[in-house]
Amino acid sequence: MLDNWLFVGIFVLIGAVFPIAPILMGKFLGPNKPNPIKADTYECGMETVGESWIQFKVQYYIFALAFLIFDVEVVFLFPWAVAFDQLGIFAVVSGITFIIILVDALVYAWRKGALEWA
Amino acid sequence: MDFLTNPVDAIREWLLGLMANMPAPWPDVIVNLLGVVVVASFGLGLVIILVWVERKVAARFQDRFGPNRVGPYGLFQTVADILKLFTKEDTTPDNADKPVYNLAPILSLFSVLLIWAVIPFSKDWLGTDLNVGVLYIVAVGSLGALAVLMAGWSSNNKFALLGAFRTVAQLVSYEVPLVISILIPVLLARSMGVHAIVDAQDTFFGMFFFMAPIAAVIFFISSIAEVGRTPFDLLEAESEIVAGFHIEYSGAKFAMIFAGEFLHAFTIAVLTATLFFGGWRGPGAEAYPILGWVYFMAKSLGVYLIVSWIRSTLPRIRIDHMLSFNWKYLTPLALATLIVTALLTKILEGQAVWYQSLVMFLSNVVLFLIANEIVKWRESKKPGRQVVGQPRPVARPPAEPAAEAEA
Amino acid sequence: MIPLSWFLIFSAALFSIGLYGVLARKNAVAILMSMELMLNAININIVAFWRYTNPSDSAGQVFAVMVFAVTAAEVAVGLALVISLYRRRRTVVAEDINMLKW
Amino acid sequence: MDPIQIIFIVVALVVLAAAVMVVTTPNLVRAALWLVLALFGTAGAYVLLNAGFIAVAQVVIYIGAISILMIFAVMLTRRVMTDSGPQTHQTWWLPALLSAALFAGLVWMLSGWSGFEASMPAYSDANQVVELGVALVSPEGFLIPFEVASVLLSAALIGAIYVAWDRD
């Protein structure tokens, strides 16, 4: 019930304090003498050339995409796994069908070469 | 309540007794608050010892002594390191997106710390028993990927952003087999509550490691990838992208990212021990909760030592190998294991536990052998790469100009 | 305890903000983000009605989970379209994407 | 006011403020981060509605996956990250007026409804996930939508890869 979530709620609030406190402490304890060279972007000691917020290849998007789809799949399967005792063999098979339909998509991605790097 | 055998419950009772005449929600809130502080400080305090353990173990593997100057066996070396980190200057690059830059290390430790809210340390010693505990762990863990992306983007540094992108590609990829392998203990325990999963492993052969060895190994491997440890430490490959997403961080903020990584490494050991090795379960743990805590820590440290062992033994994997290992081996294998486990669980319903374990263990072994054969067959069909027979560039010292330069 | 009206007003406000975003934003990704807000408002409504009318029937929760699936599909395909369009036309401004006009 | 109401008001204000930032911030990555905050707050609202499973699923799907997808898409679709020029149309007041009118209309319509001030019936979420699982896969429940969701998801994956993949 809500009592269980009270702990999580307090944890969210207090849990943020734990990392913030040392950072603030570091601010007071450490020296603070900024200069333009120190505050420059660090790229192996070379002068920075151009904007760093550049464009990336679509590969990264494909992986995140497959991850999203499988995440949703797992959210569907968790209740199925929890209710396993109440399910007959038919319901079990329908859950497996669910998985197999999604495997099709994985096979497509594989065949298409979308899971290769570079 | 006996204080010696069950200190946590004894203190809880005593506190509730002290606050008996307060208005309704407050005693609960205060006890919860103290619980949060205790759990979170326990996690963070553990980091100090873990760093020492890690360095000692790595040193032994490399035939060194490791830290041995500060305090007995060098135990206070980490404390000295932390003090040093705090007194370092905390720089922020001029080009950074400052609010996001400052938020990222906080979120990175926060996401790991939140997992500890549902970890059962012993019988009745747990933060809270959510009935969606396992999914909660997955959810909170996925905040880490966001923290990495925030750190990389806000630093306004090519290496940081590249490192962040690589890291996130790795994290999200390995999250897929991770969540599928988590589904298997949930299916075996018929519950998503972490406490209920531990309760379901009440005999030695009932430990889910025996029922689902493949799931345990997949969970372990993909958790290591989630933490970004060797052999999956491409995200901080110094030779390629300097230090990855946290290149611009220094001082206390770097310490937070670092602490988050170490705590996460121990958290995966804890989760492996809890989900697959029965957590606090052991002889006598029911009667004496403190014994359960000892078992819990022993199992977790055992798994953690394996993590350190792997770290100091294996070399780094190339990124394309890493991703194809995930998508073309771990994910299909995890899905196949899930299907087989679901069918067998239904078929074996009501049988003795050791019998169930035996059949499932054997089915897992068979599955693993089949997967291995398929991989071998696929490898044999690939055209082999020709290495010999082609002239390769050889570095030779230039003959004439070098001699002149010397003279 | 919270009356149902609070949740409904909350989700109506969220929906309106999302609608503003969809209509006023130029960037196609921003439009998709605003659509996420609208879908979230709908989901809050679904769950609130489930909780306040008949919590013993899981239909409301099933609906909410289905909305998750639909959102995931929408985002996946929508963003893929945006990326593909960007590659062809070098723009993500919704007004400039008028290939279907004739 | 009891504590739960105060918590609700705080959560709702955070979500709405974050939502306003999503639709007004010119910098798209920051807009995505505000979206994360709004979605996180929505998960809090689900917790207040005793829908623990939906709340956690919200965090897994939206924050874990969708927001990362959004940030990736933002970074894939621009050469220069600093946003220049207005991010909204010149006639931004028209949608603003429209959505304000929609909000007023919705509130007006709802306030006339008899169930508007209903209070929460008692409910224990101990078996929530089991009930959800049974409803999802039993033929009397939602078996067909469950399988169709699977088809939808794989179609989305195939379609998105087909559209976004450019290499032959």
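A, B, C and D are the chain letters, set down in written order, and residue numbers restart from 1 in every chain.
The working rule: contacts are C-beta pairs under 8 Å (C-beta built on N, C-alpha and C of every residue); 3 or more make two chains touch, one makes a residue touch a chain.
Since this is a predicted model, take the numbers as computed values, not measurements.
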| item | value |
| --- | --- |
| Chain ID, smallest distance between chain and overall C-alpha centroids | A |
| Pair of chains joined by more contacts [C-beta pairs], B-D or A-C | B-D |
| Euclidean distance of C-alpha centroids - chain B vs chain C, Å | 34 |
| For chain A paired with chain C, centre-to-centre distance based on mean C-alpha positions, whole Å | 21 |
| Mean-CA-position distance for chain D and chain B (Å) | 29 |
| Euclidean distance of C-alpha centroids - chain A vs chain D, Å | 17 |
| Where chain B touches two or more other chains at once, by residue number | 130-131, 135-136, 138, 153, 165, 168, 172, 175, 192 |
| Of all residues in chain D, the ones touching two or more other chains | 4, 48, 50, 52-53, 57, 60-61, 64-66, 68-69, 72-73, 75-78, 125-126, 128-129, 131-132, 134, 136, 149, 153, 155-157, 160-161, 164, 166 |
| Set of chain C residues in contact with two or more other chains | 65, 68-69, 72, 75-76, 79-80, 83 |
| Inter-chain touch pairs (all) | A-B, A-C, A-D, B-D, C-D |
| Interfacial residue positions of chain A with respect to chain D in the complex | 1-2, 5, 8-9, 51, 53-56, 58, 60-62, 64-69, 71-76, 78-84, 86-87, 90-91, 94-95, 97-98, 101-102, 104-106, 108-109, 112-114 |
| Residues on chain B engaged by chain D in the complex (per definition of touch) | 25, 97, 100, 130-132, 135-136, 138-140, 142-143, 145-146, 149-150, 153, 165, 168, 172, 175, 192 |
| Contacting residues of chain C [partner chain D, same complex] | 1-10, 12-27, 29-30, 32-34, 36-37, 40, 43-44, 47-48, 50-53, 55-56, 58-59, 61-62, 64-66, 68-73, 75-77, 79-84, 86-87, 92, 95 |
| Complex interface listing, chain C residues touching chain A | 65, 68-69, 72, 75-76, 79-80, 83 |
| Residues on chain D engaged by chain B in the complex (per definition of touch) | 3, 29-30, 33, 36, 52-53, 56-57, 59-60, 63-65, 67-68, 71-72, 75, 125-126, 128-129 |
